[in-house]
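For reference, the structures are reproduced in the following blocks.
Shared between the two complexes below is chain A, which has chain B as its partner in the first and chain C in the second.
Here is the complex of A and B:
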């Protein structure tokens, strides 16, 4: 319990007291605290356990790169794992839990892994969990899964709303530190519209965290003034709590705004997170730089953190990890930390500077040990006790409660790299520089290795002007305020301390040590991308923001290559993790998968229909009566329709209205069978091929007048067929004078089928329905109920005397009700999709169960329909050798020897006596129904040489259910093969 | 998250609204005229894996429902031109009629294929 809050100072609001809980304990913090700073203020240094060794961990950073202090935040459906305590603002009632520990953070059994750590070397998973194969599922995977703690998911629905949003601007400024503020100011003064985004709750960046002055004011006050000036400009939008997570083509940037992640109960009218797409003409990347840790023994112990993080906790949040501190540095940053901590009253024991030629820097009286390194850290879960150092003359111990480390700085280059370019190592600045491939992404300030405050202010102003110019604005020089600079030296980095006696960690979250990388190189995984995956360095949720550059340095050392040769791994969006909620946005439930309801939905629902989802549609499936099941209901519906008359909703069919001088020619090129001579007033079945010669879709098309056609497609392929038709006209034959529109939703369509269909319809339709006047395949625009415009077709998908009647969607329900009323004396009943399917299978009509993309017209017995007299989609390729191979599977009917034996679509067919295998396979069952007319289960199947095999017996094999069943092959038309009923 | 397509009818719209069909360099052979199984095989099945400039058919499904030819760079994703597919088809029909007896022409996309290098200037 060494961490504590200073009595004074910081940018927190001490007047506001906030209660929150951590692992069940109620703690308090202040407004302006992050969870991390509030925990430190409460003496809670221990914040988590590491992934592999379950080592006790505390914060290393005060920002987005934090690898250790990951928490579960919230409860129930709001629970969110792997939240960085350094980024989470506290609020009243916040519930936080530590992760990756069992049973408690304090007493964790997994820590035993640390003792057995020699087993957990690089490539451990690859080397250990190899064999026997069956151990994978039963033993290895459960062990790995339980060990892979990293938080839990809630299995409850997330009650909150998320949203996707768009924004457009001339200049996007990412980061609101001194560079970003000046860039926003200079761009905005040119008149450009500016969005200034910052991932933190408060803008100001390093100015909130350092004790620096600008224009004679404390930095944070200057920042507040500048932000106020920006906020007052109508062309500036300031977006705090917004992380720009990715840079994409054409100036598109992704950004995640955490709108309500800092409140106890979100307002349901406002999203909790917004995923922005920001389109900008230019972007100033003022993303700053990440301080590199040093890799030395015990560098993960609670109490060790980066030098800049220690300053941030002290200056912004008025907290410290301990009453005393040491600094281990290879850069000037450590000196600044020593001075700041001393100013806050923390006793600074010594600065250990790894550089033997360390420059003379003001230490405010703190002793400096040059050419020295830290080799181990002595401490427990809750407190650091001492550090072990080496000055070249054996180990010495310095007692202290905290340790700041600084291995130099790495520009945050991610956004400049997201489009594929890689950063390159700069020998003078000792860091990876952002690539400049995209002139519209302009790195500025420390993101471009500009280190001092005054230079960052000037660079920000200049880059802001550059961006505004690029966006087409005239700029004037923005005056740059004065700042007092400290000396800044660049020095060769110290990648790792070879004399370490404790474990030196490179990747904290995945527990990768300095020894793992040379091992990976020795075992052949010396390419940085391979080493990353072999050691898992850089593969955790922080994606190696802290450790990657050290890893590259260590690998360079181990392989004798230079930094540039090793290079970095690929930078991919997102910069920081994005919740699935935000990615889904408002597209959840019915907004993700909208429900399409037929205009006759209510008609069917009123009659008690059960509905089934087909694609997005809800279709009436059967109409139960007296609690009968689907089979009984379907049987009743079929028998009633075939004996009397039935009404079925077929509104889901795709409907396309086609008009124009060349409509006939166009339709003739779409269908494989002849359409050129279809008379006005007639419908025809049409088969569409794909350009590769296989069957694409089918339907009927009716010629309503000379240049006016009404086409129907299958329900499932309606959208695709419409798109294909648009393509055929626009991209293939634009010279044709033809217009088309999808009218699927404009018409309610119903089938009236059965021997009494004519009698029923005659009561509501104003036209002569006699066979002479309106014979089989007639089509006509008519009026129903006196005045409602309608289309009537004499087509039959049931094999009965049948009509399809289309009326404007809004009239659908009324017309269906009228038909039911008119049909009452004739025994009319509704029938659903189940009965429709059973009747079409009885008739051997194909659907997409059969025309599944792999069958030809010949396969389904329609080879003779293919016209030889015209060009049409798929004509040439349908004539390829092989597509009429007699060995192909052909459409047949199958009946089990025992009619009561139900079998399933998907079953395979083999010859009697053969064992099912790829080699012996003879085909498969495509559709199955119970046939009320045959009182037998029947199916359609695709069978090799099928048409020659009617009457033969085959074995049906259902591999999923392990069912073998003998069946007889037959003609696919089970019922009324002479088509007498339909023509009646 | 991807780029914007400047639809000639609707203006700049996100790719979410579009459906992509692919290579637009191929021209449908004339079945009745000079189409042979070989030219059809090429039209239906053979596609270049273009690195660089490529013309593709895109459909503005969530907008005007027009088929467009988008000429873009498959490496940098830069979009050079967006043309209505009908205009594209009409102009090519004209040129192919003129060049009917010439051997199969190389596609515009293939000719224009240029490799963009990802060099960076040192700062």
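Here is the complex of A and C:
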């Protein structure tokens, strides 16, 4: 237990004491702590086990790139695995558990892998678990998955709410370090609306973690003052705890706000996370730079971390990994760490500078060993003991409890690369520079390899102005505060300490070592994208934020190519992991998709209806009585309707009001059958083809007056038909004077069907319903109940004497109740979708079960509805060869030889004696119902040469249920083929 | 049976006045009101008749015909430009059937008028957080500098088409298709939980 908290210092609130638990042990921390800093303060250096070798690991970073300190946070449905301890704020009652260890973090059985590590090189699994082949899925993979897991899920429902939201601004500034603050300030002063987003709990970025001064103040104080100034401006929105996770087209950025991930009990009225889509005219990418680890033996031992992380823990959180430290550096960053640690009272043993040409820097007495490297780290799970170094004259040992490392800096270029551009290697700055393809994404500060504080402040101000100008604002030069520059020479990187005696890790999270990359190259996987897949370097939750550049360097070295030739892997959103909860947002449970309710929903519900989802609609499906099932209820409803009268809600049909001087011509071109001479007061069944000549939709259209039509479509295709109509008018025939509006929601529509339908309706409709006055296919605007404006149509989808009555939706329930009341003496009953469906199948009427996009008018027996006398949508293509092929499947009826044998839609038809196959297939069953009139299961089917085969027997094969059934082919009209009832 | 029936709103059994959601010291962030009964009609100009229509609207209704994305109000009628030469006319509280009838009578062959008084559900959302609530649903830039009072936008919230009209600095009129209204209302209420809301 070497890590500890300093007695003074840090930006933590020592007066607030917070209790939390780690692996069941209760610990305390302070306000302002992250889980990582609080664990260090409690002497808990060991924080996790590595993925493959189960090596003990501690933090390497103090930020978003952390590969090692991944924890399970929370319990039950709130449990979130793979949470970076460096980003998780502590709160009272926080429950954290380490991952990937068994039985405990301290005694992890899986660490045995480490002993056999020479076996587990890259490609081990691919090569080893190949034989026998079927063992992979059954045995090898499950075992490997269990051993190499990250965190676990609870499999319980997440009790919390997540939301999505949009924000719009002129300038988005990502990152609130010195660069971001100056950029926000200069953009905001121009009047531009500014959003300043930062992934950490407190804004200020590196200013919270470093000791450099600005304008004579400590950096964090200057940051606080600047933030206060920004907060006071009405055009600035500051979003802390918000990670900008992706840059998309048209200035859209994704951002994840962790609204309540830092509180003990989330307020259920407030989402725990908000996924933002921020639309910005310009973006200043002040995302900073990531310090690279150095690849040397034992660089993963607890106590080793990046130099900047060690400074951050000391300066912001007042913690250190050990009482003594060494620094291994190839950049000037290590010198700043030595200086700061010394100031905090940590004994700095030595600075080991890999550069033989290291600049002269005053170290206040700390010895500097130039041209030296660290080759191994001696330490256990809980403490580091010493490092082994090589100065070119053999190995030496320096005792120390912690080691800071700095391999140089990599700009955080992700947002500039998300739209496909790749960064390019800069030979002078020794880093990958952000691409500048999108002029609205402006890299600034260290994200653009501007290294010193004073230059970052100036660059931030200039880039903020540039962004505001791009957004159309006039800017004035923003004064830049003075800062004393820290030392920041750039030097050639050290990719790999080859004389390492311990295991040198490139990618911590995936346990990729330095020799894995040359191995990948030797085996032919030398392209960086292949090397990534072969070695797993750069995969998993951190996506190689720390290791990728080192991996590229090592691969370049191994292949004799330069950095630019190797290049990077693809940068894809998201920058850091995003929970599925946030991606789902508010669209869960009842709001997963919209629900459409019929105006007669309550009418049906009051009568005990069971509902069924059809598309977005909830439709009344059947009306159970005395606990009968759907089949009994449907049978009763059909028999009652056919014998007496029934009422059915058909409000979900698409309805379109069409008017205009050219309305007749318009409709005549939409339908394949003739509509030009439809008389006023008449309805007609119409067929619409798609442009490709296949049947698109059907419905009835009624001529209410000279230039006024009322069109109905099927429920399922209402939106598509409306869209097609819009297209036809806007793009094909803009010259036509026609107007149309969807009135689907305006009208409640009900079918009143059965021999007594006329008698019932006569009681509430103010018009003569006799056959002479209102015969089959009549259509008329009428009044019901004395004053309600309504539309009445004599159309029948049941084959009965039937009417459809449309009344304004808000009167629907009252009118339906009035009809039920008027119909009581005649034995009226409600009927649902099941009965409607059974009756239409008895009558051989088609729906989208039959007109499924692959059938022609001829296939369903409507060939004569293709007019020869006019042009219409789909005409040309309907005349294609093949669309009138006599071998095509045709609509028929099918009846099982045993009427009690239920069969299913989707069953295939084959000739008796044939084995079902693609070759022997004769067609398929499209719709099935139990016919109460025939007392038999019946179906509609599409059958090759079907119309010639009435009376023949076929084999019906249901492959899903392995059912074979003999059936007879018949006319699709099972009931009342002479249409006597509908005309009655 | 001769007297007119009462028009039932799609939200008939959903409106329970009261305070909901988080209780903040500054009071509820928004207030939600169902506008019912409310006369609604779609007006679409006949081909080549937009100019004549504009004059007739001015003369008979006192309305300056707005362009797409614009709104105008006079004498209890608002007109929202929803598409090129297409408007949604809204008249809260007008007599049943009166708006479409009057428009049809005055506009004659200049336009198609379709009664939508039962097909649309109109609601009002107002309060200091109204914009924030809507921003959880729509991609429309609702900042007062870009979406001013007198402007409207046809957009989607929770996959449901909605016409949003800004009626004031902190007030919006929303209209949705009747069949979607129940789910839309419930969804909107949930989006307002964060700041608390009042149903009036």
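By definition in this document, the second predicted complex is superposed on the first by the 960 of 984 C-alpha atoms of A that agree within 3 Å, B and C clash if a C-alpha of one lies under 4 Å from a C-alpha of the other, contacts with A are read in each partner's own complex, and residues count from 1 in each chain.
The rule is simple: a residue touches a chain if its C-beta (ideal position, glycine included) is under 8 Å from a C-beta of that chain, and two chains touch if they have at least 3 such contacts.
As the structure is a prediction and not an experimental result, all values here were calculated from the model.
Legend: residue contacts after superposition of the two complexes on their common chain; A:477 is shown touching neither chain B nor chain C. By the touch criterion defined above, A:597 lies against chain C but remains apart from chain B after alignment on the C-alpha atoms of chain A.
By the document's definition of touching, of the two partners only chain C reaches A:745; chain B does not. Of the two partner chains placed by superposition, only chain B is touched by A:732; chain C is not. After overlaying the two complexes on the shared chain, residue contacts for A:810 are found with chain C alone; chain B is out of touch. Looking at the shared chain after the overlay, A:498 reaches neither chain B nor chain C. When the two structures are aligned on the shared chain, A:277 is found in touch with chain B and with chain C. Comparing the two interfaces of chain A, the one with chain B and the one with chain C have residues 277, 279 in common. Chain B makes touch with chain A in their complex at residues 1-4, 14, 19, 21, 24, 28-32, 35, 37, 40, 43-45, 57, 59, 61, 65-67, 76-79, 84-90, 93, 118-123. On the chain C side of its complex with chain A, the touching residues are 1-10, 12-13, 21-22, 37, 42, 44-48, 97, 109, 111-112, 114-120, 132, 135-136, 138-143, 145-146, 158-160, 177-184, 186-187, 190-191, 193-194, 196. Listed in rising order, the residues of chain A touching chain B in the complex are 246, 248-250, 252, 254, 277, 279, 419-422, 424, 426, 433-437, 443, 448-449, 573, 691-692, 723, 726-727, 729-735, 870-871, 875-877, 879-880. Within the complex, the chain A residues that touch chain C are 161, 163-168, 193, 267-271, 277, 279, 586-587, 590-591, 593-599, 602, 617, 657, 659-661, 736-741, 743-747, 764, 785-789, 808-815, 818.
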